[in-house]
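Should a chain be cited, it is by its letter among A, B, C and D, assigned in written order, with residues numbered from 1 in that chain.
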Amino acid sequence: MRPRSAGVGATTWVVADGYIPPRSSGPEPEMTSHDSICMLNAGDTGARVLVRVYFTDREPAGPFVLSIPARRAFHQRINDLHDPERIPVGTDYCLVVTSDVPIVVQHTRLDSRQEANALMSTIAFPVSPQELPGFPPGLSRG
Amino acid sequence: MRPRSAGVGATTWVVADGYIPPRSSGPEPEMTSHDSICMLNAGDTGARVLVRVYFTDREPAGPFVLSIPARRAFHQRINDLHDPERIPVGTDYCLVVTSDVPIVVQHTRLDSRQEANALMSTIAFPVSPQELPGFPPGLSRG
Amino acid sequence: MRPRSAGVGATTWVVADGYIPPRSSGPEPEMTSHDSICMLNAGDTGARVLVRVYFTDREPAGPFVLSIPARRAFHQRINDLHDPERIPVGTDYCLVVTSDVPIVVQHTRLDSRQEANALMSTIAFPVSPQELPGFPPGLSRG
Amino acid sequence: MRPRSAGVGATTWVVADGYIPPRSSGPEPEMTSHDSICMLNAGDTGARVLVRVYFTDREPAGPFVLSIPARRAFHQRINDLHDPERIPVGTDYCLVVTSDVPIVVQHTRLDSRQEANALMSTIAFPVSPQELPGFPPGLSRG
């Protein structure tokens, strides 16, 4: 019997360049322009993940609540979030992703506004544990 | 009443591959070739952000001064900086971004020089606090 | 005589956005849509590398076993892994890469589904040593 | 009189996905397919930078020696390195970049093999100081 694994990664991640391109070329939904957060929960316990969305000119939205089972990948298009609200296309935003167990988050955009699609991706920014107390505002609800 | 949050991230960030592609295809300003720094101030205090631009063959430009309100996203095209000067297109540069409160910075380029646009993005490089004393030169003005 | 070098990097790395685009344009195999993990073993000892693949709806696959000689680059297309199984195209996945000596891992995708190819790349996420004990589940076999 | 700044960043950086696409579309040299390392020396002392190139099937090449003046950006196409040798196109490689003062390194590829160019970029991987002793092999020459 092996011991349960707590997983790997961090419990708070930031994506600073959020933007859903407002037009698309090619077959839907595969080639629909989108922003995604791609997550790994490598541990032996399910993860409860909260996503909060920050905008330029209003208070943050969310949290959006996601569940990632133990030892599972979970790729979430921001376009598909709908509860408690939808994220508008063509709008600048940032994301703070928190989890009750360690996960890893990668941010990817597919932009098919023009004839051939463009891609971009980066590992999100992991916030070190010592910055966690008291943060992020409002995330304790949900 | 919840305590005020100091936000998350770091107070100095570096972008090493700065370049504004000198031509564009598609509707302006949406598809105009650009370099952007996308920033999140997740804290409860407004951020005063200084951007300094380093070149290959001259002393650094700036600081350019930006303000990010508490709990807000702020995506800044480098193309649109104009005070104290404009950043020339088609020119290699690097950026040092400093803030008086922690922020997160992501660097993204849209290149529409050719028929379909290309994208690239990366979380910028956070400079660890112990490297801050005395740096960066000249940023104390502004 | 110089001392042997243990290499640089980390011994566990995570890629969270795994996906092999299911179609391609252009000459094979060069322009075939693919996901790659690009690795450096800069040390003086050969590396034994294990790749485990996490999915959305099934238990992880692998480990896939790779060998990187001392002082060598090794770029592995995920498309080409076949033992103990093949990774399906058009399917979300995540990767955990472990090595018995320090390596560096970068994740790159070439997507040629549409007329001109798109690219994305990021340094993978290095898991800090203190998270290693007991992880990842199952990787001790192979 | 302000004190001299030692700059910011790290003194050893790794790029794991090196590859110069072997064909190009569009006007040269601007749209020539290339791999670049984009560097910032933000300090008040010139940097002496050594680049070593690791391959799949031969011993490493280099070091290639570069100089970055104080407070300067320096973007180097790998295509343009020629002393002590040229890096072949269409060949997998990795890079280790060392500097005698802290710098920041970002890796970018422009791929114009197909009709519209693709871009990818990532901050390189900074090797922590404690891994430096004895590394990298051979870099002490040059």
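Just so it is clear, contacts are C-beta pairs under 8 Å (C-beta built on N, C-alpha and C of every residue); 3 or more make two chains touch, one makes a residue touch a chain.
This one's a predicted model, so the numbers in the text were calculated from it and none came from an experiment.
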item: Self-contact between copies chain C and chain D, residue sets same or different by half; value: different
item: Most remote chain, CA-based centroid, reference being chain D; value: A
item: Centre-to-centre distance between chain D and chain A (centres being mean Cα positions), rounded to whole Å; value: 31
item: Distance between the centres, which are taken as Cα means, of chain D and chain B, whole angstrom; value: 22
item: Junction residues of chain C, two or more chains touched; value: 114-123
item: Contact set on chain A toward chain D in their complex; value: 114-116, 118-120, 122
item: Complex contact set, residues of chain C against chain D; value: 2-9, 25-26, 30-31, 36, 38-40, 42, 44, 71-75, 102, 104-106, 108, 110, 112, 115-123, 126
item: Chain C residues touching chain A - in the complex, by the definition given at the top; value: 12, 14-19, 54-57, 59-60, 92-94, 96, 107, 109, 111, 113-125, 127, 131, 134-137
